[in-house]
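In order of appearance the chains are A, B and C, and numbering begins at 1 in each one.
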Amino acid sequence: MFKNVSLSLAAGQALRVRGANGSGKTTLLRTLAGLAQPESGEVRWQGRALAACRDVYHSQMIYLGHAAAVKDELLAWENLVYSARLNGRVLERRAAEQSLAALGLGRAAQLPARSLSQGQRKRLALARLHGAEGEAAPLWILDEPSNALDQDAAAALCTALDRHFARGGMLVYTTHTDLPLHPAQALELNLDRPAPTSAAPSGASPC
Amino acid sequence: MLTAFFGVIRRDLLLAMRNRADVLSSVFFFVIVGALAPLGLGPEPAMLRTIGPGMLWIAALLSSMLALNRLFAQDHADGTLEQLMLSPEPTTLLVAGKILAHWLTTGIPLIILSPLLALQFGLPAEQTSTLMASLALGTPILSLIGAIGAALTLGVRGGGILIALLVLPLYVPVLIFGAGAAVAPDPQAHLFLLGGLLAAAVALAPWATAAALRIALE
Amino acid sequence: MNTSLLYRYASPQQFYPLAGKLIPWFAILAVLLTTAGLYVGLVRAPTDWQQGDSYRIIYVHVPAAWMSMVIYLAMAFWAGIGLVMNTRLSSMMASALAPTGAMFTALALWTGALWGRPTWGAWWVWDARLTSELILLFLYIGFMTLQSAITEPRRADRAGAVLALVGVVNIPIIYFSVKWWNTLHQGASISLTAAPSMAAVMLTGMLLVALGAWSYTFAAALARLRCIILEREKRAAWLREAA
């Protein structure tokens, strides 16, 4: 995999992780999310090691991986409601349906997720970023978020990301197509030749 | 915390209702295995009455075990398991919720059906009610211990047989006390022991399962 | 114990040559002790007035049963250390111990059967001890199968550790439940544990064989450990240089 990766992220910054297939981009993102343990080194959030502040970190971070994390047998709005519940939030059916309507999934909201197209499923997966949950989480870690999205949906995603940066949010992402984003600062990390930088990954406090 | 706990249970119950085939097939398995005993050993009533409780317990055990891969495999495949691990709510609690929902859809049908099968073995009413009590205490233990096995073998080839290999030795005490309760003249001691095992399993198994899930998802 | 010594040998690279040097000594010790023990047991110890000479199988059966238990505890211990402290060598040691433990368990079962045949006329009796040994064998097999089914070594180490620890917690429960079951179902307490009353010389024989088995375990486990180190560290620099 990769060795000697060192990075640091602050408010408003976006870090794009690049690298050839198999260089470990997904592994790095998962390690930052706390799903995988690094063999050496550590991830820190606001100066504290992840193990010490797991609950706080998870309430302030959203990770969306390759898998849509959508239940086929549940209706689209049910997916949103239950994924919110799993995170300890109560989301009413009305609110979920409104969220989906705002994303252009108004009619699809009543369909089981298995009936949705790839693009619609991805938009459903990304719906978490648009609601209250997205606003409460200063760190977003997204693995190829624009995959399967058409032009309009990709544009909507970029708008949401720019709003996120404006709020002081941070982003770590990978993508195969360039996304027109406007963070306070755009950083890049290429796993094929990691650049030596400063301390272990840490997040600044959101504004 | 309660929102998340009940949320997990409701979601899994909803999914089970929409995937009724899965739930029903493990119930049918219980019935089929129960029918195998007289087919294999002969229909002589006195013998069936003797082996009945043990045979029914074995059928319940195997049926419970086969249903285990339903616990995490689908969630793992569609990515919802990862999101569950990333929730700010304690993983142990969410896992306990999943196991409870699993037992509600696996164990409870067995308990409800057991009197019918007991009839097939000609068991007297009192023995049947003891059998149901032992199943009521024992099947949750099977789900709890089985969950550890399911979590350890997530995504590993060898699937069902591997879980069986890991989990069956651990099931032995439950089988001994459960089946023993149904045949003993005084089942109190057995049921108390089962209760003790249940308490220990409720306290420890979700935590061990959460640890195993973390290992499996790395 | 000098902690810096502990840290130095915690690395596979350092432990590998040390293990290599220790193996021949343990092997020799094993042969000497086992031979001595068997001599005492087979030649010197008196014939049992009840069971004749067939009882002499206990000089293999009992040490094998002891080792099967002790090795499981050691295996769970090292696996636990590897899980908690994230040390690779400890996990490798647990994996190295498992096959030897399984072997002793199988040996205990086989010699138990051999004992049962002339004594009770049956190749197998469901007595509490033998049944518990059988379940212990299943626990070993489960551990080894799980580790071989998981391709990624670190996950295999950790998953095996969880399984071994769960097993260790359950072993007293299993043993208790099997004893309970045994007293319920068997009227006459035919038990292979009702060994003939121990003369001092019999105990000496068994202890010598047990120590021999222990030395054998060290030798076998260290040898297997070296193989595991080679396999796991094959990309490490120190191996490439040595090659």
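FYI, a contact is a pair of C-beta atoms (placed from the backbone, for glycine too) under 8 Å apart; a residue touches a chain by one contact, two chains touch by 3 or more.
Being a predicted model, the structure only gives us computed values, none of them experimental.
Chains that count as touching both chain A and chain C, per the definition above, are B.
Among the chains in view, B has its Cα centre nearest the centre of the complete protein Cα set.
Chain centre most remote from that of chain A: C (centre = mean of CA atoms). Rounded to a whole number, the gap between the C-alpha centres of chain A and chain C is 49 angstrom.
Work out the mean CA point of chain A and of chain B, and you get 37 Å between them. The geometric centre of chain B is 32 Å away from that of chain C, both derived from CA atoms. Annotation for chain B: residues touching 2 or more other chains are 218. Note for the complex: chain C touches chain B at residues 135, 138-139, 141-142, 145-146, 149-150, 154-155, 158-159, 162-163, 166-167, 169-170, 173-174, 176-178, 180-181, 184.
Within the complex formed with chain C, the residues of chain B that make contact are 148, 152-153, 156-158, 162, 165-166, 168-170, 172-173, 176-177, 180, 184, 193, 197, 204, 208, 211-212, 215-216, 218. By the touch criterion stated above, chain A contacts chain B in their complex at residues 33-37, 55-56, 58-59, 61, 63, 65-74, 78, 82-83, 85-90. Within the complex formed with chain A, the residues of chain B that make contact are 1, 3-4, 6-8, 10-11, 14-15, 18-19, 77-80, 82-90, 94, 217-218.
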